[in-house]
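Across the two complexes that follow, chain A remains constant while its partner is chain B and subsequently chain C.
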Partner chain A sequence: MFLEFRLAWRNVWRNPRRSGLTIAATVFAVVLIVLSVGMAAGVHEKMIEDAVRLRSGHVLVAGEGYLDHRTLEQFVRFDAELEQRIRDTPGVRGYAPRVMSFALLSKGQTTSSVALFGIDPRLEGSVSTLSGRVNAGSFIEAGGHRQIVIGERLAAKLSARIGDSLLLYSVAYSLETAYELFSVAGVMRLSDATLDGGLAVISLTDAQEFFVYGDRVSEVAILTDDADRAEAVRSALTDALHGTSVEVSTWDELMPELVEVILVDDAGMYLMVVIVVIVVGFGILNTILMAVLERRREFGVVLALGLRPAAIFRVVYLESILLAQVGLALGLAISLPLLLYLQATPIPVADEMAGVMELFGAEPVLTFKLKPLNPIGSTLTVIALAVIAAFYPAVKASRGRPVDALRSV
Partner chain B sequence: MLGVNMAWRNVWRNPRRSGVVISAVAVGVAGALLAMSVTYGMGLQMVETAISTDLGHIQIHASGYDANPELQVRMLDGGQRALSVVSDAPGVRAFARRVRGEGLVTSARASAGVKVIGVEPEREREVSIVADSITAGRYLDGTERRVLIGERLARRLQVDLGDKLVVSVTDLAGDLTGLGVRVGGLFHTPSSVVDGNVVFLLLADSRSLLGLGDAISEIVVIGEEATGVDALRDQLQERLSALEVTNWKQAEPLLDYLIGFFDQIGYYLYGAVFVAMLFGIANVLLMAIHERIREIGVLMAIGMSRGRLATAIVGESLIVTGVGLVIGYAVAIAVVLAFRDGIDLSRVSAGLEAFGVGQRIVPVLRTDDFLIPTLVATATAAAASAWPVYRATRLRPAEAVRHT
Partner chain C sequence: MPSNRSFAVVGTCGLLLVVSLLVDSPLRADSVSELEPAPEGVDARAVALRAENVLRSDQTFMEAEMIIKSPRLTAPRRVAFQSWDDRAEKRSFIRILEPPKDAGAAFLKLHPNLWSYVPRVERTLRIPPSMMLQPWMGSDFTNDDLVNESSDIDDYDHALLGVDSHPGVEGLRAYVVEYVPHEEAPVVWGKILGWIETEHGTPLRQEFYDEDGEKIRTIHFDDIRVTGGRHVPHVWTVTPHEKEGHATTIRIREFRFDADFDEQIFTTRNLKQR
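And now, the complex of A and B:
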């Protein structure tokens, strides 16, 4: 085995230029895979993180049927006991009760339909980043009365400024018409264009009064210590809340569209990676094949001297894998530090490209994320590539009859 | 000519080696073309959905609507003047008048914020696909107080055909008002935004609900040809100087940009594929020269010029790439033809419908899609042969002929 390894190693360096080109192609493939996968992971994680921190939380406690209908009819009674049970569940970092509905918001003769969030200003910050998005005025204050915070685009549409009175109109839980004047406390900037142009936030107590909702809430959004623990927290909560008529769901059930968008995007990226890998694979196949064909005579000699065909097969294979390993090592040495650097310094995106990202509900920033599966997957891909690409040349090399091979030039 | 002849023969002297490069080029080109055809098809569908459910090719509004799209910005004459111009204008296939407002729709169990769109049923049928997207009940037939809503909205409101809804709005005078209506039909379009957020009703109902009198909000126009929207807009704007005429690109600049954006992603892919290929082609050429050093030496000794030698090498590179390109094109065209009815993506339809793509993506190839890989491949082939050409032309005949 050692002999075969030495033979293979020397063969790699017998034609440094040829090997160099193959290694360069492998390095290119590795860098491309690691960075593409790293970017997709980063952007997707950011999309999920944004959506989770803006809306759903990791886990959601809501009334039965809320996921399908999302109306005032599906509710949870947010009393001291429920609050205590949620707070005592391990893995829960924060929780926020909310009333969610729709309303018309008017100023003067301009009206816009909005999604209305009623939030508890003391608890909301432990789950969502809504309060941090305010870029003019202030967020809903604890104890404040009839304050409303709206998205920037919505404010522009209504030409509403801080302190202006807006008329909120909707239908209450009692099915009576509800309308009330609210004063604009703040304007927030949300990257999701739909929300920015159609979200209004009021306090939970105002919302419960407005909708004649008592101590009911639509949902309790929960932030867990770690996104990966969402499932565990969900089952713990399901147990803790057993016997009450609530449904506990995780973020991926709450936002199936986001999950599918990510799926489509991933599919596109992997398609690209596969195409490049195949092209590089042909390159490696070619190099090994050439290396074998030009050594027919040499293989004939060693076969005649008694080396077994299986050994030749292994030498050729080792050569291919060594080439791939060198390329892989160099590729990882280049791409991993680069990826870590990009992970620490996200790239902001401007102009129309930013618009496209916002259209897809992402913030206009290219983020990168190194996940352990990325280098592992790249390594396996490149080794698999070398193994597949070397098969034909290796068979070809070991099959020759010594007599014929010796006569060839 | 001799150089080219030599190049052609060299390609086929070692068919296996050339074959591997040709396959690499073909796979790369076919893959990149297919990726572009799918993303372009997807972009086209997003545009097509927006045009056929909402925007039309051209929108005509009262002046100031683009900056401030509200109820007050309306055509007081009910669009009569604009209609007379539009109906005579060459290049117009169909047009329809609409009223647009925002409101809240309430069922016995739930409410939702919606766009309230008043339409003329027969004209609307010509400009929008909603009439052809009815899945239950009937399209607007002139019966008053009947509305069309998307299946998605119906699910959220928990209503079915014939159920009662109240549409509440702030009318032109700024007063809150409502209209009781019944669900006359349900539709399902490729856009979940339209399916979940729009109520269509008769123009007359919407006018009385919103207190508009004879006024309307907009006229949408479908042109004879989708490509002529810029010219059509200019022509209509010229004849309707008091009104605001926009085309869909101006109404939704992002959508227009999106197609270019998808193309950009496609170009990165080409870049990656051809860089990967560069190594492969260069490798093959170097090998080919390496094993022919002696032959090259002989040729040079008997008087072959370095120029011809270079032609032969570059030619070999170009031929190998060219054959790969043609095969790649053929494969891509065959696959696109095989999927001309669309690729079924109903598994992720919710994600796609959020952007108006629908459940099937029909891949579309454009002439430009072939131009760019051809240019890049040619450049790649030339670049890949640079080093081998340098190597070969620097050989000294006296040494080369002795090479073993």
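And now, the complex of A and C:
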């Protein structure tokens, strides 16, 4: 084996320019794969993170049928026991119980129908960024009584200012007419126009009193350590809550349109990667084949001297793998630090892409993320490439007959 | 309605009837399968108008009790109210009498607006037209059912499907009329089927279908009494089909037809009077 390795190593350096070009092509492929996969991972993770922080959380605990009906009839009893169970589940970073329903909000002659969120001001911040969207006045305060925070467009529609008293009107869980005066504590700016023109937030305790709802909530949104842990947290919670009429869903079930965008984006990226890999593969094939063809005589001699065809096969193969390894090492040496740098400093984007990202409530920046699968996958791809590309030249080299080979030039 | 059009309507009905007898669709099977053909010369719109005139006069007062059943409630919820219905002017007024918590609440419809007064905080709010088909006072009736924003006559095309000899009440026969809403009518129904007693025009039953032909709710009219020369049902029960365990009954304590209402009733000021 040592002999074959020495032969292969010498052959790599027999034509440094040719080998150099092949190595450069491999480096290019590795850098491209590592960076595109890293960018896709980063952008998608950011999109998911921003979307779950806007509302749903990574995991949502809700009453059976809540996702289809969204009425007061589907609920979860948010008692100390449930809270403890959620808190004890590994991977849970934050949780927020919410009562959600529809109501009419009125000031003077103007009435608007609103989506009403009853949130716990102490817990909401651990999941959503709702409180950070207030741009006038303040968010619902812990312990505050009958305060309401509304979207900017809604405030304009009702010509409501901070401190104004608004009439909230709906039907309670007890089927009584629910109505109460609330004082505007703050106005928030939401990028989604529908929400901005139709979202009102009150405290969880006020909402439970308003709807005569006891300790019921519509949903508990849970933020996990990262999106990939959602499934584990879901199954842990499903087991813990077994036997209750509660449904636990993950973000990908809650936002199928986001999953689709990610899938389409991934498909486009992988298509490009595959094309690049094929092109580089033909480059390696070409190099090795040329190297084999110009050494027909040499192979003939060593065969005549008694070297076995299998050894020649190995020599050619080793050449190909050596080329690929050098390219791979250089590629990773360039791309990994670059990726880590980009991960730390996201690039702002503009125009069309920004629009798509904002549609899903994402901040328009290009983020990168290095996941362990990325360099491992790139390494395996390049090695597979070298193995496949060298097969034909290696076979050709080992099958030559010494007589023919010696006769050729 | 011109006679050639009503002929066409009757013709269409006959065809529909034949189709309904041949096609074993579930919708037809439980509703309109065993109909006798309607007699010649009966106009669907006239039948519908007669039914409308049994329940409503130009000015109608009623006092009623509503009983709401729901799986949410351990005991049925009772709401007593009085209603003033001015059909000619398209306006109406409702005052809640019971339960004590809601007593004094009131509704005023001045076309196209609906106002609601809430006593404890002494505020009046305008209920947007989009809420017309939302439940009234937590019941299975809609706001529209109570304040009659849509008209059974003007907002629908009528077709006579036939005569049902077993409409559910012993000894009575009923015309079955199909109400199909006009494009711009303020309703969500795809169609309504109405059972209207042949002799006195008493409505016996109404079935409400959505645009996909799915039956959404049924209203049964019972306890027919003769009041002011009318054969009027005094108990109305609505059963939603999708919602297990839900039902609302309105029991009318007093009917007063062809009343002469004071103009002051239909004012926002009256909302605040107790």
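Just so it is clear, the second predicted complex is superposed on the first by the 281 of 409 C-alpha atoms of A that agree within 3 Å, B and C clash if a C-alpha of one lies under 4 Å from a C-alpha of the other, contacts with A are read in each partner's own complex, and residues count from 1 in each chain.
The criterion applied here is as follows: a contact is a pair of C-beta atoms (placed from the backbone, for glycine too) under 8 Å apart; a residue touches a chain by one contact, two chains touch by 3 or more.
In this text, all values refer to a predicted model and were calculated from it rather than measured experimentally.
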What's your read, chain B or chain C touching more residues of chain A?
B
Classify the contacts of A:Ala25 with the two partner chains as first (chain B alone), second (chain C alone), both, or neither.
first
Looking at the overlay, does A:Glu180 come into contact with chain B only (first), chain C only (second), both, or neither?
second
Where does A:Asp228 make contact in the superposed view: on chain B (first), on chain C (second), on both, or on neither?
neither
Which superposed partner A:Leu285 touches (first chain B, second chain C, both, neither)
first
For A:Gln109, is the partner it touches chain B (first), chain C (second), both, or none of the two (neither)?
both
On chain A, the residue positions that both chain B and chain C contact, one per complex:
73, 104, 106, 109-113, 169, 171, 175, 177, 179
Given the complex with chain C, which residues does chain A contribute to the contact?
73, 104, 106, 109-113, 167, 169, 171-177, 179-181
Residue numbers on chain A that touch chain B, as the complex places them:
15, 17-18, 21-22, 24-25, 28-29, 32, 68-73, 101-104, 106, 108-115, 169-171, 175, 177, 179, 198, 256-264, 268, 271-272, 274-276, 278-280, 282-283, 285-287, 289-290, 293-294, 352-353, 355-356, 359-360
Provide the residue numbers of chain B that touch chain A in the complex, in ascending order.
16-17, 20-21, 23-24, 27-28, 31-32, 35, 39, 70-72, 101-104, 106, 108-115, 155-158, 166, 168-170, 172-174, 176, 192, 253-254, 257-258, 261, 265, 269, 272-273, 275-277, 279-280, 282-284, 286-287, 290-291, 345, 348-352, 354-355
Quick one: in the complex, what on chain C touches chain A?
68, 70, 72-73, 77, 101-102, 105, 116, 118, 120-121, 123, 125-128, 130-131, 135, 137-139
